[in-house]
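First chain A sits with chain B, and in the next complex the same chain sits with chain C.
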Partner chain A sequence: MTVTTPSRGKSAADGRSRPPRRHHPFLRALPYLVPAFALYGYFLVYPMLDAIRISFFKWSGFRTEEPVFVGFDNYTRMFTEDPVFWRSFTNSVLWVVLSLLLPMMIALLLALGLNRKMIGRNLLRSVFYLPAVFASITVAAMWRWLYNPTLGLFNQVLEAVGLESWAQTWLGDPKFAFYSVFVASVWQAVGFSMVLLLAGLQNVPQELVEAARIDGASAWQVFRNVTIPALRPTFIVVVILTMINSLKVFDLIVGMTGGGPAQSTQVLALWSYTQSFTNHSFGQGGAVATVLLIVSLVLVIPYMAWTMKGEEK
Partner chain B sequence: MSIALATAPAATGGPVKPKRERTFTHTDGRPDYIKIGLWASLMITGLLWAVPFYIMFVTSLKSQADIANTLAWELPTQWMWSNYAEAIDTGNLLTTGSNSLIVSLIKVPLGLLLAAAAAFAIARIKFRGSRIALAVIAVGSMVPIQIGLGPLFTTMLSLDLLDSRWGLLLPYLAFGIPYQVFVLYGFMRAIPDEIEESARVDGASTLRIFFRLILPLAKPALAALFILDFVATWNEYAIATTLLQSQSNWTVPLAVQSFSTQFATDYGPLNAFVFMSAVPVLIVYLLFQRYFVSGALAGAVKG
Partner chain C sequence: MLRSKRTWAIAGMAAGAGLLAACSSGGSSESPSDGGGDDGLSGEVSVWMVTQEDSQAAAWEAIVAGFNAIEPDVTIVTETRQIDPHKDALRQAAGTSAGPDVYWYWEGSGLGGELVNVGLSKDLTEYYDQYGWEDRFTSASLAGVTQYGGFHGVPWTQQGEAIFYNKALFTEAGITELPTTYAGLVDAAEQLKAAGITPIEFGGTVNWHAMRLLDALVETKCGVETADALNTGDGDWGTEPCVTEAFTELKTWGDEYINDGFMAMSNDDSSQLFYSGDAAMAFEGTWFESNAYDGGMDPENVGIFTFPTETGRLYGFGEAFYINAGSDNSDAAAAFLDFVSSSEGQGLAGNAWAALSVNKDVDRSDASPLAPSWIEVFNDATGIYTNNDQNFSTAVTTEYWRIQNSVLLGDIDPADAGSEFQSFRESNQ
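On to the complex of A and B.
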């Protein structure tokens, strides 16, 4: 991410003098901004703001019915009478925390390992990245098959090695379902983080590594004092993307458990959808969506402040 | 500072051999057990990661009887290539596939162009409020789209664009834009001012600078975003399942549900379908792969 532009000698003095401005800069920028911002505003920002608005109404979502303003009723109901909301809230937070621990560490180890020259390196990179190009909904279908209680791979392997007693109905048991879905997501998510970290590792200045080696630094010292600092910007990007993607998890859960059994795999994104479209309560769905929005912003704003500060320099 | 290091001690004595990459040995030829261990553990992890693909492949070729009677990792007793034909049929792949293809092939290039234009304006035209524009975009690239699904449904309903492939294009264009603008902004920002100024001195218009100068320079970033966006669009499920109802408008991810009834899932054809559904994405990935790792993050322009 660091930009190295060799500063070439300023060629001629006339490079400094600007041609006279024909238009105000904003007017010049406008035609380039309008198409993207119109689409973005109308089909992304507006629906999100509208979700906040609708959270203060009682509405089934049918056009024949008028929304009725109910103030904070949806929120009171959600916080006090909706155990599924709390379940999905803790599940979403848990998903974020687990994703920051497990798949990210695996991705970092893989990236460090695969950054060296070795036999089969490109093949390995492809194997780890491959799951990321499959649609989550198809990954869900694959893994539902692997978890099949009688015919699936996991229980058959356990049986073959004599651990029949460990066999579970992985997706049917509220104790295991959440973690079973999470394992599938680890399998899918590691590759993308790995690729980003591999790209980040290209920014580690090789001159510094060699200079440190010549000065007699150990591998660990090189890693600590050269690799880690150079990798920091990439690492922050990976952390942010991991958090965002954790809050977005939807397809995988829809495809594997639909939120069940007994709502044990319910998350905010899916519960908002279910409240709006299955339970026909757009108000409740909007309230859940608003909580999801706040959670996302709380996680993301520190990063934004950091980026914007970098822009000022 | 790197000049001194570039001419670091060359091999002394003996004919200069082309330098072989040392993979598993120390400089003096002793085996390096740490490297061998590292390699072995990476290989084992790689094998673990490949297992689901292997299972998917063998299952896709098993008959109902084989699925019930053979172990998950065993080869089929009878290779059921007809599962693939059945998958095309059940998943309605000709229709869903062409729907997905139309949507992706319009959305991805068009969306990238619009995003590039906006990024160009924010990064290269110094107008007041450009930082606000960037902040607005940045927030959008970071919040889950599921927040707006309910109202998006209502909006599309009132525009009479529900259950339509063309209607689907609009929110699809929208969801890709923020992330792309964000990445392209960083990339275009890093292009040195002198390049643009010399073009201006030569009398180039803003439009010309965008198409002839900045866009070509942003090609590595555009290629990386092309892969990411194609994959994201081809695989998109949440918006499609909200907006599309009739089967004739379905995209590929929606067709997965055709393989399950309330009571049973047809695992042979289902796995065949999963495998086939990823083929276009794999093709795009292979075509653009060489840009991918370098372009995904790099914001650097060599002077």
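On to the complex of A and C.
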């Protein structure tokens, strides 16, 4: 048996059967990435950078008026003279903290409960997921009616059971308004996190669970030492999505309170919009948006870095 | 059945418009353009305005039909929004090609003036000359469109705002005479409350509704000169004692006399309380009469009296139709507005938007049950004081509302409200 090996030198010399050049993977992917990069750059990166640029100008937003460069004046004014900024900042941070605590905990409990074999499991999963399908403005309209001080379900039920003294103007009292809107948010957000955690639970290795049980681990110990570590990748996704969604909460508040009463439910995203499009202070709105961007990065990037470090270990 | 009636009403009004148009072909200064469609006008004229009540929508359809009887080649396309989205849409469209040919808007430096300043409104001097509009309108309504220099807008309404009251509830509370002083108004509210009746309704989610009460209280406590300085001049909200008095009264009204839960209600929701007889008073404008009847109230049971500020001035404002400076069909738009503001157009409008017409030749004294009362109110007024969201810039208005609501909710002491507002005004200059 004779094996003929083509001469590399000769082939290269005559150029007739040049071997395929091995391009860098990035270059090969580039044609497919360019459209996405272009869209991402135009619709996301450019507006983001432009908002930062505008924050250094005084501008009404009307095309007929020229922006005037004012340096850091908008930031100085925002931090020292804007009567709403700190309220919106505090509310945004509080919204993030509460969102990381309540909806995630409820979602985890629901996921654990609905991960068991039981009658009507799929129906219940659908029921709990359903609110996540609704547009936020629809959720706002529904809950606004539920909270209506005279016709709303909550006050009517309280009155029906003799607890009329507990009835409140849920969305009209600054003591309750923020938390009332947050409850609606929990109702809407829990389903999505639940589905993610359910998917994560499917990936918990059953052999590890059974091995732990054989070793005499209690249900809590199995959950603490097997289930939770196995859910770590899912938790990372849920936490990051929860933080991002919390920081950009907007339409639910617009639909339920418009930021009121007396700006008590104002958050950074809505205040940025209000400053820009209602008050026509695009510089001020840009400054608020920049703060929101920084807060988002400060919260999300360290968490991502920390979790990735954990992954590498 | 209701729909059928409305259809017949619209058809009737449209037919009437056609007849009126036919009768007006002589072409006096009071007549709309008598081109009869042979003047080369054609194309589409887009009109943006706020959402209309049933009777207003019917009247508007009749006006458009009446115009089309004269100018069949011009298509009027009307787009409506709620009040605040309407403001937002126009502000966002300013300076772009996305705006309408004609827009309805308020007058005054804070609202109409803002859009004039940014060039959205076309100076209509040429059309005032062409159609002789200067001779058509009342001097008060003309003042509203000439305040910016030139002619910006064609007057549409001159609105007055007053207290609408439920006569039966007043009688039930033992109120035999309408209040003519502020103390008398407070006494009336007290009597109503004692009778278990909600004295007055407001919806707090739309900040401008409760603002009417604050504006009237500032007028009441500060008087004409100081109120004007505070609202439209360089008056100092932080040093005038009357400002604290006004905010103190506002807090009292919020605690004692306004409907429960008003801060969580819109004006539409709170108005239902008045329509249904669950609140005795509403602080509304001339447009509210048709709303009240649409809401099911018996015209015999509704009356009005001015908020007794004791200054003699009436709370009110003007509204106009403006032509977009960027409109490429401004001749057709002007022809449409000529019809809208003519005797014929104003006749079709009836009292759906206002008790009095801006057209000085139109007599509406028998247009509605409250028309004679409104005419009396306007005749008795020594002047007009305007809603502060039309006096202030939008940023200042936002802060004015925040402080107003904070006082109502008890978050800001009335004694601190004026100085807090003043410091914002100064920092915003």
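Just so we're on the same page, the second predicted complex is superposed on the first by the 277 of 313 C-alpha atoms of A that agree within 3 Å, B and C clash if a C-alpha of one lies under 4 Å from a C-alpha of the other, contacts with A are read in each partner's own complex, and residues count from 1 in each chain.
As a convention for this text, contacts are C-beta pairs under 8 Å (C-beta built on N, C-alpha and C of every residue); 3 or more make two chains touch, one makes a residue touch a chain.
Owing to the predicted nature of the structure, the values given are computational and were not obtained by experimental measurement.
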Per residue count on chain A, the busier partner among chain B and chain C is B
Margin query: Quick check for you: in the superposed arrangement, does A:Phe277 touch first (chain B), second (chain C), both or neither?
Written below: both
In the overlaid three-chain picture, which partner chain does A:Ile294 touch, first (chain B) or second (chain C), both, or neither? neither
Check: Can A:Pro149 be said to touch chain B (first), chain C (second), both, or neither?
Finding: second
Is A:Tyr46 contacted by the first partner chain B, the second partner chain C, both or neither?
first
Original post:
Taking the superposition as given, does A:Leu101 touch the first partner, chain B, the second, chain C, both, or neither?
Top reply: neither
Determine, under the contact definition given at the top, whether A:Thr64 touches first (chain B), second (chain C), both, or neither.
second
For A:Ala262 in the superposed arrangement: first (chain B), second (chain C), both or neither? second
Partner chain in contact with A:Arg77 - chain B first, chain C second, else both or neither: second
Chain A contact set shared between chain B and chain C covers 61, 63, 148, 277
Listed in rising order, the residues of chain B that touch chain A in the complex are 1-2, 5, 8, 21, 23, 35, 38-39, 41-43, 45-46, 49-53, 55-56, 59, 67-68, 71-73, 114-115, 117-118, 120-122, 125-131, 133-140, 142-155, 157, 170-171, 173-175, 177-178, 181, 186, 190, 192, 194, 197-198, 200-201, 203, 206, 210, 231, 234-235, 237-238, 241-242, 252-253, 256, 259, 265, 267, 270-271, 273-274, 277-278, 281-282, 285, 292-294, 296-301, 303
Within their complex, chain C touches chain A through residues 88, 91-92, 94-96, 114, 118-119, 204-205, 207, 260-265, 269, 394-395, 398-399, 402, 405-406, 408-409, 411, 420, 423-424, 427
Counting only contacts in the complex, chain A reaches chain C at residues 60-65, 77, 81, 83-84, 147-150, 169-174, 257-258, 260-264, 274-275, 277-281
Per the touch rule above, chain A residues touching chain B in the complex are 1-6, 8, 10, 14-15, 18-19, 24-26, 28-30, 32-33, 35-37, 39-40, 42-48, 50-51, 54, 61, 63, 110, 113-114, 116-120, 123-124, 127-128, 130-138, 141-146, 148, 151-153, 156-157, 160, 187, 190, 195-196, 198-200, 202, 207, 210-211, 214, 234, 237, 240, 244, 247-248, 250-251, 254-255, 269-270, 272-273, 276-277, 282, 285-286, 289-290, 292-293, 296-297, 300, 303-304, 307-308, 311
